[in-house]
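There are two complexes below, and they share chain A, which is joined by chain B in the first and by chain C in the second.
And then the complex of A and B:
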């Protein structure tokens, strides 16, 4: 165990020392601040686009443009982009070392290949967690500080759900947990591809392409796509949104979380299998 | 010819009686409204709006003559643009601004009601037609149907309790016709949901807001700050 912790610490230091890790942190912080500034300036106009459908009949009373809504919009926007940042760091975990020639040196350690891969995978997950923590800080805490607290108007394609302020905090905690699970799938997928390839860029690009293609398939309501959608992990990555429905469809959330967990185990298993049999030439 | 004249005279007499009866009913309601200079009460609001899911909420309502009205509550809620609670009382007060006539009689919840039509006399009025179902025995507005230029038709149904002597309802249900709220999947990034079938997109549905009042306090002369405070 001590040996594993030492490898894990080493991998964590390596991950955090790389400049590209900080690019992710900087992008998340920057995008959050840009969106907050935009909503501060033009939020009411943007909101009227949503409410215009019933503005002839109803007037909406209360602080709609609050920190919870901003966080919902930011999370909804970034959950599609964040996997790219995760893949950017985790996609060359093995392949990067193979390309730079340090992999053979790494494997001269007495630790098994499985332990080395698990340490690298866990450091990737910790990076993902830090990335989400930064998102949570800016999207939720800073937004609440700027825009105030209040009921959340959750935007769904079949209507609006208004979640009362006192029911919201535990939903955010669960939503960020599901977001972490979703990004962990991406991180594990990137690590798996990294064990299969010797080029540091190819796994990152493959993850990006996969997410883009899967997301596009998810956007269209076509009978042929409906058959494959349940098998795409991107379909389940946005199951956090279901927490903001009333009543909460727990069966859908549990099913999605289970599918995400199965994806993680499957990708990790394949990754270990490939890495153990990998012919290290450099 | 004589028969025809006789029928016309009877119809005219009935019309005059209907006008007079409607004025009597309105006068009686205005007399009850006149007893109230201000009021506040606790309110429990329930919403049934197509395409909008929201839990009930509690708050407090404040009213001051002639038409200052506010619901104070922590949270988001929907109200018709022309809030009937704010307007119905003041709408009937200025008896010179409209003509009234009884267009028929209907039974609502076991009460025989006169259906009083209110037609504004001026062309500039926002109101197009107001229909008031007024209890004949104990003049109270049981139901209204207000059609305005900009906001369509709003219907209200009233239930009275201990504050009937002031013509203040214990429960008011506001019914509005509206299109179901819907947003595109692209805008909401709601990949898991299937789009609603097109058939239902343009159908008009009824949205309901019911407000149950309790703990009415009449003529307490509360501060004007209640209408402006955050």
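And then the complex of A and C:
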């Protein structure tokens, strides 16, 4: 255990001292601020265009353009880009070190390959968590500070759902947990690919291509695609949105979380299996 | 005393091509062992197998009497190595890199230990510089610091002189001698330059195409008792005549226009020169090498 903690600490030092780690933090912060500025400037006008469609059914009163709505919009927007930022850092976990030659040092120390991979994987998950924490801080805390609090008017595929302000916080906590689970699948997939390749770019590109292809498959309503959709992790990455429906479809959420967790275990298992048998020729 | 390294019939193929073929050798504790071979001979693959970076297809590897396959972790605590070239995290300073290495070895060192270590390898005052600003020679020195950080019993160095300036090579040689003589460390030293091995090692092996060519003590293998002496003269007729009239004819192996080749001990060479110059033979050039050196040069050329 002592050995594992030591190599985990090393991984954290490397991740946090690497300039590329901060690119993700900077992008998230920047995009949040840009969206907040845009909504601050034109948000009311945009919102009145959307709500005008419902004005014949009910009247909209109070502060609709509040921090919760901004967070909901930001999360919907960034959930597509976040995996790319995660892959950018976790995709070269092993392959980047293989390419730079430092993997030789790591693997000639007493720690086993399994411990090394687990330490790297955990530090990747911690990075993902920090990325999400930054997103949470800017998207929710800062947005609430700028736009105030209030009920969330969530626009879903089957219409509008109004979530009362007093029952929103736990939903955000659960939504960020599911987002973390989704991004952990991406991080684990990237780490798995990283064990199989000896250059730092290919795993990152492969993760991106996978997400793009799976997302496209998810968009089309075709019988042949419908068969495979439930098994694609991208299908379940947006399940956090179900938390903003009323009533909450818990069975769908639990199923999605289980499938995401299975993906994590599967990718991690394959990664460990492959890495333990890999000849280090680089 | 147990051997530090024992390889028995170790083989490794890549895509069906043998890189190492039934290789066996033993490094005794206290040896400075030269591992010699031309580029592509299988040296790095062998060292990688000893360091468990590559798994052998066949054969067994034992270090300090323990099987590498079943006791990897405890064995690795006793070894410090540079495989191929020392690589570091360029975005970290030398000191930060060493701290990573220390932590990976579960060591708790203080600042003074790091300062002493850097001084030992000639990097005093450069510890806070980012490694990406280091020259190749400085990285080699830092690599040595990383090797020595946990005071290993066995040091494995893969062509450590590469990139070092002449002073660096001398410093390294002296450091390795002192580690061997004063601290009793066993050193396995790979190279494709015979003279490097000759300078520093007490035992050696030469491999080619992954197979053993020859192994034994450096003194025996690179003996000066049977050298290949090549001489160029400006008056070959007189030379030939004088040789025929003397005991030196027995040493003559071949002649070709101005060039005469002999097989003899090193101590005989000045006597031969004295005899020929006394008999008005004008020697333009003379050089000599060991039979093994000659053979090694041939296989190196071939690769």
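Operating definition for what follows: the second predicted complex is superposed on the first by the 278 of 282 C-alpha atoms of A that agree within 3 Å, B and C clash if a C-alpha of one lies under 4 Å from a C-alpha of the other, contacts with A are read in each partner's own complex, and residues count from 1 in each chain.
Keep this in mind: a contact is a pair of C-beta atoms (placed from the backbone, for glycine too) under 8 Å apart; a residue touches a chain by one contact, two chains touch by 3 or more.
Only a predicted model underlies this, so the values are computations on that prediction, with no experimental measurement involved.
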Counting only touches as set out at the top, which of chain B and chain C does A:2 meet: first, second, both, neither?
second
After the superposition on A, what does A:155 contact: first (chain B), second (chain C), both or neither?
first
Of chain B and chain C, which one contacts the greater number of residues in chain A?
B
Counting only touches as set out at the top, which of chain B and chain C does A:81 meet: first, second, both, neither?
neither
Once the shared chain is lined up, is A:169 touching chain B (first), chain C (second), both, or neither of them?
neither
So, does A:10 touch the first partner chain B, the second partner chain C, both, or neither?
second
Please work out whether A:18 is in contact with chain B alone, chain C alone, both, or neither, and reply first, second, both or neither.
second
Answer with first, second, both or neither: which of chain B and chain C does A:101 touch in the superposed model?
second
Okay, in this complex, where on chain A does chain B touch?
50, 53-64, 76-77, 80, 150-151, 153, 155-162, 164-165, 215, 218-219, 221, 226, 234-235, 238-239, 241-242, 245-246, 252
Mind listing the chain A positions that touch chain C in their complex?
2-3, 6-7, 9-10, 13-14, 17-19, 100-102, 104-112, 277, 279-281
Of all residues in chain C, those that touch chain A in their complex
14, 48, 51-55, 72-74, 76-77, 79, 81, 83-85, 87-92, 96, 100-101, 103-106, 146
Touching residues on chain B, where the partner in the complex is chain A:
49-55, 57, 71, 73-81, 150-152, 176-196, 207
